[in-house]
């Protein structure tokens, strides 16, 4: 007798499954309510990432094109994959009459970065921070190597308030 | 009115050439027309499948090219046409090239029997259903040859599975059809439809007809190699099964033929159970070509059920496939035929 | 549950020639000469009171002068953990007895230790390259003296 | 008749190369199958297609830098992997962490577990041919990933744990989002059962397939839900409680059938248990520091350290041999997937290719976890 009860129970289980998918079909067919996918390139304008989103490392520049990086190389040392290289030089500070290190290039290899955040934690000046940009697509890997300090930028004087 | 168009063309051709040549020309024209139907139908059904799948899966499906993504499949087809035809080095070249045409030809041949409406049916032979069943079983050769000739083990397994599956499920399709033929008393398709003017067979045949319909749907799914019986392709096991090594247009042939086969199975179901082109209660019987509308609606409804199966069920294993056929469907089918014969004999049908 | 000291005494009575340490830490560490490794493993597994029947991890270690394997065994019954170390001084042709027939779980782990440290496990039937390419001939990557130009040096 | 046939017909076993690119191998696992028709006679494994030698990389990294590498092992339970390394260092240095940290870590672990199991469920459906379950699983996973993204800044490689706590404090939205998720998921989990678990085809595909006995499960070192399907009690959350698991009330799911369907049901029931853990904790997140101060340079004393956590795949262990430097002398990740995979041959022998796919799915392999 289990032969027939097998058939009946089996059919019942199949119909239950069809009811679940059918429900979603008709809801989506009529109202699009349960559609969960993002319409990706279309929603670029409205797509906003969360504040903590780790997209890339950026350097904060204020409106006078000034940054806070004093070339201490702590971020370079903290990086596990060597994705940060700092090219620095020394110049004479006219006020204090002492040689001060300043950064020529803060090179950031996005292609090697694993977004671990150790550089940002290591930075004593809060000079580098997370950027929310996730759209890193490039046709050439070389374009992923970025220089974080903008051309012509200078270091902020210490008296200015920290961000 | 439109019927006149056919006569007009006929007369025009007769005026231009001798009767024999005109006849052949007409046949060619019909063949070309059916090729067109084949392609459009295939592309439309692919689009429908993807769109329906999208809604089942909380997605939208194709929605960029054309209204509601309707031209997406045409774009895909264009891409496939331009693609290189690759193959394995040690493939059996002749069989490898010939295999897709088996599938295409049989699909086209069976399509000739489909009564789109009262007026549109290319080939109304008096052994229609029998012809349909026998021709459609040639198609399996195409799949089998593809699996065999590709010189790929995945293809081979897929091809072997086809053989097993088709031989088994052909029986059930045939038996379910025979059940309905017992009720109809004829094999000619147009006659079967005409007989249903008094009521569709699924109602007049009641219990055995419903059982036959369910069996036909299950076996039909298996015949058209769709989930839950898509062991031939079984993308999680065999990659792409028998057409792993096919690319470009040859792949497109298989792809389209799969969908056209689904259409054919659905059409047979509509003809046998739901009165073909007949409108419900004969409301539009007077309007010519209204049958085309009703036929399409019914076929799409049946196809939707196939799609519903596909996007709900897991796949069976090969031994379970055979168990289902030989231990469940076949015995039930046999009892069902006897039941139907009894009903017809005792006059218990409506 | 047994304390580490009790465990130590218990094992000492069963097998001779072992070197114990780490009685205060979470798990008892045993250093075993490679000749009696199999004897110790069999005893630990089969003794009803100990029943260390679950090989948790098998780690190949390069000790500098020696190569060795660290086994972590656990008893499913008592959830007691024990660490067993076995060393071999021969760096050219290091060999340790395989325990894959005592603990089937060791089978692939021994293969791994073989290809990364070059330790040959006696009586292991299939010491093939599991992770590395089949034609790998650049030495044993996890050894301390292995160098690779692509390796980031700190 | 059969004797006559076997004497006349020449049959041959053949090899089928499954992977590294194959839909069912969940990544780049390569299996060399020895087949007799469709029946699997033997499986030879070839791993290492995604081997990055993370253990060797760890030997040149400080303990802080190791953490982000563990994300890349079993990427579906990256939080638990992080936690293992952090717990190891904290226990070794006796760093006292606050209750808040413990609770946050526990909640995140359970969310990760649900996210991993939900994905597994979807893929399980896909491997058996039911394609729709994948998207349904992703719907729930998306909600969890949003929680992660808002709290940790990343969806997959979370890297949320640091030594001595967690990187950021919880978002104010966190509690609300988790509560929303609990409500949502409680409605959707029964649907999972209706769609797949009770489906007759699905049951027949899994029942009695891939059997492994309790003794074999222990001997092969199986762990996690795979072993619990065979009745081996091996939940690290119960046997060696860490973080806040000693203060929540949950059940260790055990099934004794040992077949694929038992393993399937273990994971489904585990989602319910994770949900109940979340429910117990979500209203009772204690106040306090989210991160305690640690030394800038972390050096572990000479010795051997082992820390185990229950990741979504099972018993994840970190073994560190320290020589007192700031780099570990030898670090070993004991991966649960690798141990589970060793029993694949035993489970699959004599079954069909379709069964192999289903079994591979029920032991829930994540290839980076196996290759490390």
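Chains: A, B, C and D, in written order; residue numbering restarts at 1 for each.
The criterion applied here is as follows: a residue touches a chain if its C-beta (ideal position, glycine included) is under 8 Å from a C-beta of that chain, and two chains touch if they have at least 3 such contacts.
Please read these numbers as outputs of a predicted model, since none were measured by experiment.
Among the remaining chains, those touching chain B as well as chain D are A.
Set side by side, C-D and A-B show the greater C-beta contact count at C-D. With centres set at the average Cα position, the gap from chain A to chain C is 42 Å.
The centroid of the Cα atoms in chain C and the matching centroid in chain D are 25 Å apart.
In whole angstrom, the spacing between the mean C-alpha positions of chain A and chain B is 51.
Per-chain Cα centroids separate chain A from chain D by 26 Å.
Counting partner chains per residue, chain A shows two or more touched chains at residues 14, 17, 20-21, 36.
Multi-chain contact residues of chain B (touching two or more other chains): 56-59, 311-313.
Touching two or more other chains at once are residues 61, 132, 135, 139, 195-196, 199, 201 of chain D.
For chain B in complex with chain A, the residues that touch the partner chain are 52, 54-60, 308-309, 311-313, 328. Residue ranges on chain D touching chain C, taken from their complex, read 45-48, 51, 53, 55-56, 60-61, 216, 218-221, 232-234, 239-240, 303-304, 306, 308, 315, 317, 319, 321, 330, 332, 334, 338-339, 341-342, 371.
If you check the complex, the residues on chain D that touch chain B are 14, 16, 22-24, 38, 125-132, 134-136, 139, 195-196, 199, 201-202, 204-205, 352-355, 357. By the touch criterion stated above, chain A contacts chain D in their complex at residues 9-10, 13-14, 16-17, 19-21, 36, 49-50, 52-54, 78, 80, 114-118, 121, 130. Partner chain A is touched in their complex by these residues of chain D: 61, 64-65, 67-69, 71-72, 132, 135, 138-139, 142, 149-154, 157, 159, 162, 167-168, 171, 191, 194-196, 198-201.
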